[in-house]
Every structure is written in structure tokens, then in C-alpha cells.
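Look at the two complexes coming up: chain A is in both, with chain B in one and chain C in the other.
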Partner chain A sequence: MKNLRDKYCLVGVGETEYSRGSNRTTRALAVEAVRAAILDAGLTASDVDGMLDYQSGDSTLANHVAPDLGIRLNFYMDVMGGGSSTEALIGLAMGAIEAGMCNTLAIYRSMNGYSEFRIGGTGARAAQPVRGLDLAQVPFGMRSAGQNFAPTFLRHMYEYGTTSEQVAHVKVAHSKHASQNPKALLKDRVTVQDVVGSRWIVKPLHLLDCCLETDNATCLIVTTAERARDCRQRPVSIMGVAGRVSKPRLDFHWAHGPITRVAGYYAKDIVFGQAGIGPEDVDVTGSYDAFTFTTMLQLEEYGFCKKGEGGQYVSSGVIELGGRRPNNTAGGHLCEGYTHGMSMVIENVRQLRGTVDDYCPKAAEGVHTYDYAPGRCRQVKDAEIAMNLGWAMPPLGSALIMRR
Partner chain B sequence: MAEYAKPLPEITAESRPFWEGCKRHQFLVQRCRACGARQHYPRGICAACWSDDLEWLPSAGRGTVYAFTVTYRTQARGFRDELPYVLAYVELEEGVQVLTNLVGGEPATLRIGMPVRVTFEDVSADVSIPRFTPA
Partner chain C sequence: MPQPVQYRGMSLIAHARAHRLVVRKCAACGLLRYPPTHACPWCMELRFTWQELSGRGTIYSYEIVHHAIQPGFKELTPYPVVLVELDEQRGRPTPDESLRIIANLLTPDLRPEAEEKVAIGTRVRVVFQDLADHMALPQFTLTDEPPQGRVWRLP
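== the complex of A and B ==
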């Protein structure tokens, strides 16, 4: 496959407040996030001529967002999708520039994921007609992501001896990270006992194994390495990207290959092959935490530990700030807020710039204390390479490797 | 017949013979006459060799639990009233896996690998839903 390593950069990131009740339209939220990302890059409306966004019938399309910002587009697409779309659209943005269709793109996701369209068939989504794959699932009461993923989690426990306590460490680590993040919805640190003692939602998922439905919008700016040199921030180079890679028979993956295998099994060779590095070279990960288990399964599948040893890996301290390879240093979907993956790429861009927005007084200038006590610092010292592991469902995922 | 509160499957051209089999309390699996592959849920062509030449094989309705999950909280219509309920992937003796519910056993007693057999719930004049119960 073709390799565009280091030819494209992420130059701007931005987001709105994370809330559970924005009282604003997805249009207003998107406009705020896109403006913030363009300003972060030190660009203006006339510098951005491409736009990509993703949604699932729950958002405002680019044909309203771009005009609100006075942006004239040479290219745009509105894409259907949820988790794992972030990395895939970064790759498509590179492709659009490579094809000569435009020069600089804004990628956004805007959703009232708590107050309007909730995951799991509640809220406005409950009124939508049942179709497609749902036809085979809904008569049996399968509606939510948790129900869809849980058999994979249970089978992993059965085959490899993975325990609820081991996987609870993902929530513990992300809560530790969120305690350093002024933006996070949940800033309180939790214990393993808090997680395994919380009530069942969909076994083996406890309440605290599940992420937080959130209202928010987020944005990333992609351009060429050449143009990135003139932007305001230290550019972050894209070393490799794999977009929405799937297992065989995507709709009934559990019947065609081990149910414990996730899409990273197929994506890892693409993304590591482009980047020319291996898992041992990565300093920070952003493994998508729709649930505690999803973080564990992907870290394992991408080779950060051996298959089956994910439980030991995530409970070893390695994924916490101060550990060898912290994961989701902003607190992720479990604690910061749910963004369908965008926030995890935004966080890793800031990590590589060295300007994570923690409680250090001079964080914006890149001055950090590296004191990981609550309410202090969450910058990883000398982070050079970050990797995002995007998750849609067990058989579908994306990946992205970036360097400073 | 009491009114059935859960969602009904929308029967398509591809799945009609399967649901007609359920109505007769027979679980049918698609088999490709060209390459012998078996598949479930029903599709329009053989996903292995693209042949249109599919036939319907009656399953003995016996299998084992491959994986499952117990739902304690849901907004799914009709299912809210019977929490907790069990979703499972059952591996049939005929070699395909089926998304279904496990019924007739305490959730705490369910195990991966346990033998189960099909049972049909007649929910309307046209539809019977296949679920599985400990054998």
C-alpha cells in the first residue's frame, strides 16, 4: 500500500465545553469547535477549503457549518459513522489534499449525545425505524453497544482468565488522568472496588465500566507538512493511518473467527507498516474507551502485550500517568466525556506539542511540573510518538500514529 | 393470543423462508448447493462463492453456548419488563452461529459451552421467535 508518512500534519485542535445539557444546537456547537481549531492553528477562514464531518443522523452537516464561519469550500463530505471515524477521516483528508481537491481541512464531530440523541436506543433515536442489521438483533432485545460488545468481553474472560478487577484498572487510570483535566466531566478518582461494586448494566459491564454520554463538538485541522510550517503551533506529523478496517463478515463477525479478536488484528500491520515503528516505540496511547474492555482489547490486539494478556497489561500501572505508556491522558470517554473518538486524538496532539491543558500555570507555554497528584499535571515528559486506536465495535476499528 | 410487546422482525425476501420455517417450529440454515458453505442469518447469495443457488437445511436445533451477556438495564421495548434477560450466540451442530435469547434457566447457572436446544415462541399469526433453552 501507498505510504504518505510525515507528508501531512495535524495543525489545529479545538472543542466546546463537555456537558450533559448544552442547551445549544449541534450547529452552534460545531461552529464553536471549528472556530477554536482554526484559531489554534493560527489560520483564518480563507485558509480552510475542505471539511469532513461524521454523524449518525444526529448532527448538523457541513453545508450549514461552513457558511456560518464564512468558509468557502473546495471539497466537503458528510460521513455516516461513530467511533473509529476520527482516524479514518484524517486519512481521507490526506487523500483529498493528495488528489488536489483542496489544501487544508477541518474535521468535526458535533453531538448532543446526552440531551438529544443517546446511544443505546433511548432519546430521539428510540423513535427511528428498525432497519438493516437491526432486523436480526432487535427482536431479541439487542439495542445497545454494551449488549453488542459484551459477549466478546465475556468470552475473553472465559478464554484468557481476564477478570473484572483487572479491567477496572482502565477506569481507575482514566479517572486519575481526568483529575488533572479542567475540562473533564468526572474529575473524582475511583478505585477498583468502586468499579466492580457498581451495579450491573450488561454483564460483564458494571456501570463504571461504561462511558459517559455527553453533549459536545470537537474539531481537528489537517494540512500538508509544507503549510504546517507556517502555522502557529508545533506541527504534529502523521506517520501512519488505518481507517475503518474490518474483520471478515462485519455484521456477524462472532460467527467467522474468534469473537475475542478485534479489528486491530488486521489494522496493525497497515498502520505500523506505514509508520515504520512498532508498539515499543510508542510513548502515549489513545485506546478508545467506550467501555473499559475496549481499551484493553485493542492494546492487546495491536501488540502492546501478548494476546490474552491484556488484563495483566492494563492492571500493571503501565497505562497510568507516570507509567511507561499512559493511555487516554485526558480521562477518555470514561471520565472526560464522550466524543466518538475525537477528544483522544486532540489530547495526543496536545501531548506531542507539550502543551496539554492541565492545571500547571504555564501549561500553554509548555512548562509542566510532571507532578501527577490530583489537580496538578498530566503532561507526559518528552512524548515523541503517540498512537490512537479507534473503536467502532469488535470487528471495526481505525488507527493513527503521530510524532512531534 | 395476548398482545406481544417486543419488536417483531421485518421479514424480507431473503429471510422469508427462514421465518416460515420458524412458524412450523423448524430452524432452517442456508446451504450453498455450489460450494457447500452454510450461513445464517439468511443472505441473498452465498457469501463464500457468490452462487445464487441456495437451499434450506433443517437444523436439529441443538447446539452449545459460544458467548452470552445478561442485560440488567435496557430501554428496549417489551424487554424492560423481563429484566434480567439473556442474549447469546449459540453454535448449532450444523456449524453456524445464531444470535438468540437463552430462556428457561437462571442467568447465574448459564455457562459458555453448555448444551442448549431451540424452542419457539408463537408471538403472532405470522411470526414465531426462535430462542434457546438448556438441553
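== the complex of A and C ==
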């Protein structure tokens, strides 16, 4: 496969407030996030000529957002999809520039995921008709993401002896990280006992194994390495990307086992192959945490530990700030807020710049204390390489490797 | 209760109304597939026939829904959703593949089975739940057959 390692960069990131009641349209949210990312990059509206976004019938379109900001587009595309779209669209942005269609792209996701179209399947989404392959699951009371994924998680417990207590450490770690993040919806640290003592949603998932439906918009700016040198921020180079890699029988993946295998099994060779590195070279990960289990399943599938040992890996302290390879240092979807993957890439860009927005007084200048006590620092010292593991569902995922 | 749109793929539901569990069988390579998709995923053949199955299988994985999303399911909680590996075509055409089907595990009188009776490895058979004149669902119930492989349930 063709390799574009280090030829493209992420130069701007931006987001709105994370809330559970934005009282604004997704168009208003998107405009604010795109504007913030452009300003973060030190660019103006006339520097951006491409736009990509993703949604699932719940958001605004690029041809509304761009003109609101005075952006004239040479290329745009509105894409259907949820989690794992972020990394895939970064790859498509590189392709659009490589094809000569445009120079600099904004990628956004805007959602009122709590107050309007609830991701869990209630609210406006509950009125969707049941047809086609939905008939194989929805009439049996299997509709939400948690309900769709739970048999995969349970089978992992059966095959490998993974425990609820082990995966609860994902929430514990991410809550620790969120306590250092002024933006996070849930800033309180929790214990393993808090997680396994919370009420059942769909066994084996407790309430605190599940992420937070959230209202927000997020944006990333992609351009060439040459243009990145003129931007305001230290550029973050894209080393490798794998987009929407799927397992066989994507729609009804139960037919092709082992069902504990997730899409990373197929994506890892693509993304590590492009980057020319291995898991041991990665300093920070952003393994999608729609649920505690998804973080664990992806980390083991991408080779951060042996297959089946994900439970031990996530409960060993490795994924916490201060550990060897922290995961979702902003608190992730479990604690910061749910953004369909964008916030985890934004956080890793900030980590590589050395300017995460924690409580350190001079954080914006890159001065950090590396004191990981509550309400202090969440910058990883000398983070050079970061990796995002995007999840849509067990048979579908994307991945991204970046370096400073 | 969901009212399905009627088109050819809906034959599965129509067959269920006649209390028959059917899947599509490729007219070229003869492999069975579920759900009733529109080409053979192994040879791309479009032509198919409907094949009736024994309705016997083993629980491969499951979940217990405590927080129902759909209003009609709230009064049924906690209810089990099971992934059943059917006896036909186990481990074919590759060792990782099998006919697996999502359904509820019900008591013989079609109520949600008690959680402490649900386990991976337990043997089940199909039963049919009539919902309306035009619609029935293939569901599963426990049998007294010995389990297959290691029996395990969430501690």
C-alpha cells in the first residue's frame, strides 16, 4: 500500500463546551468548533478550502457550516457514520489534498447526543422503523450499542477469564484523567467498587461501564507538512492511518468468529505498516471507550498486550497517567464526554504539542508540573508518538498514529 | 410491537408464522446463511432456496437486559438475549464460521427465562412466538439435553 508517512499534519483542534443540554443547533455548535480549530491553527477562513464531516442523520451539513464562517470550499463531503469515522476522514482528507482537489481541510462532528438524538437509542432515534437486517436483532429487544456489543464482551470473559473488576480499571483510569480536565463532564474520580457496584444496564455492563451521551461539536484541521510549518502550533505529523477496516460479515458479524476478535485484527498491519513502528514505540493511546470493554478489546487486538490478556493489561496501571502508556488522558467518552471519537484525537494532538489544557497555570505555554494528583496536571512527559484506536462496533474500526 | 415493512426478505418472518425456522441456502455452493442476505457471502451467487432447520443449537453467548431501551420491553426486564449457534453447518465453511442467530431465551410459556438458567454451552431448541396475524418470531427455550462444552455464566 502507498505510504504518505509524515507528509500531512494536524495543525488545528477545537471544540465547544461538553454539556447535557446545549440549547443550540448542531449548526451553531459546528460553526463554533470549526472556528476554534481554524484560530488554533493560526489560519483564516480563506486558508481552509476543504471540509469533511460525519453524522448519522443527526447533524448539520458542510454546505451550511462553511458559508456561515465565510469559507469557500473546493471540496467537501458529508459522510454517514459514527465512531471510527474520525481517523478514516483524516485519511480521506490526505487523499483529497494528494488528489489536488484542495489544500487544507476542516473535519468536524457536531451532535446533540444527549438533548436531541440520543446515541443510546431513545429520543428521536427510537422512532426509526425496524426493517432489513434490524429484524435479526431489534425485535428481540437488542437495539442500543450496549445491547449490541454485550455478547462480544461476555464471550471474552468466557474465553479468557476477563473479569468485571479488571475492565472497571478503564473507568477508574479515565476518571483519574478527567479530574485533571476542566472540560470534562464527570470530574470525580471513581473506584473499581464504584463501577462494579453501579446498577446493571445490560449484563455484563454496569452503568459506569458505559460512556456519557453528550452535546458538543469538535473539529480538526488537516494540511500538508509544508503548510504546517507556517501555522501557529507545533505541527503533529500523521505517520499512519487505517480507516473503517471491517471484519467479514460486517452487518451480522456473529456469523464469523471468534466474536471476541475486533476489527483491529485487520487494521493493525495497515497502520503500523505505514508508520514503520510497533506498539512498544507508542507513548500515549486513545482507545475508544464507548464502554470500558471496548478500550480493553482494542488495546489487546492492536498488540499492546497478548490477545486475551487485555483484562490484566488495563488493570495493571499501564493505562493511567504516570503509567507506561496512558490511555484517553482527557477522560475519554466515559468521563470527558461522548464525541464519536474526535475528542480522543484532539487530546492526543495536544499531548504531542505538550500543551494539554489541564490545571497547570502555564499549560498553554507548555509548562507542566507532571503532578498527577487530583486537579493538577495531565500532560504526559515527553510524549513523542500517540495512537488512536477508533471503534464503531466489534467488526468495524479505524486507527491513526501521529508524532510530534 | 414493530410493524415490519413487507418485501421479499421478510419471508423469514412469514415462515416463522408457520412455525418453521428457515434460512437461505445458496443454489450454487449449497452453504446456508443467516440473516437472509441477497447474495452468497462465499461465492456471490444470487439464487437461493429456503431451507428448514432443526431449530436445535447451543448458547454461544448472551446478555441480560436490565435497562430496556424499547418501551415494549420495559415490563419484561430483566430479559435474556442469546446468541445461539445452530447445529447445522457448525464450523463451516471455515472453523470460525457457524450459523448463529440472535433471539430471546424464553420459558415454555414464552416468558423471559430466569437469569440463573442462562449459560454459555446450554442446549436450546426453537419455539415460535406469535405476535400478530402476519408476524411471529423464532425464539429459543431450554432443553434437557446435556450441555455442549464448558458451561459458564456470568458470576
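Brief remarks on what is shown
Everything below uses one rule, namely that the second predicted complex is superposed on the first by the 402 of 404 C-alpha atoms of A that agree within 3 Å, B and C clash if a C-alpha of one lies under 4 Å from a C-alpha of the other, contacts with A are read in each partner's own complex, and residues count from 1 in each chain.
Everything that follows uses one rule, which is that a contact is a pair of C-beta atoms (placed from the backbone, for glycine too) under 8 Å apart; a residue touches a chain by one contact, two chains touch by 3 or more.
Just so it is clear, the model here is predicted, and its values are computed rather than measured.
After superposition onto chain A, the partners chain B and chain C occupy overlapping space and clash.
Of the two partner chains placed by superposition, chain B and chain C are both touched by A:Ala136. Within the superposed three-chain model, A:Arg155 lies in touch with chain B and with chain C [touch as defined at top]. Legend: residue contacts after superposition of the two complexes on their common chain; A:Gly257 is shown touching chain C, with no touch to chain B.
In the superposed pair of complexes, A:Ala373 makes contact with neither chain B nor chain C.
When the two structures are aligned on the shared chain, A:Ala364 is found in touch with neither chain B nor chain C. Comparing the two complexes, residues 120-122, 126, 130-131, 135-144, 147, 150-152, 154-155, 158, 199-204, 249, 252, 254-255, 259 of chain A contact chain B in one case and chain C in the other. Touching chain A in their complex are the following residues of chain B: 6-10, 12, 15, 40-41, 47, 66-76, 78-79, 84-85, 87-89, 96-97, 99-101, 107, 112, 129, 131.
On the side of chain A, the complex with chain C involves touching residues 120-122, 126, 129-133, 135-144, 147, 150-152, 154-155, 157-158, 199-204, 248-249, 251-252, 254-259. Against chain B, in their complex, chain A makes its touches with residues 120-122, 126, 130-131, 135-144, 147, 150-155, 158, 199-204, 249, 252, 254-255, 259. Those residues of chain C lying in contact with chain A across their complex are 1-2, 4-5, 9-10, 12-13, 33-35, 37, 41, 60-71, 73, 76, 78-79, 81, 83, 96-104, 115, 120, 137, 139, 150, 152, 154.
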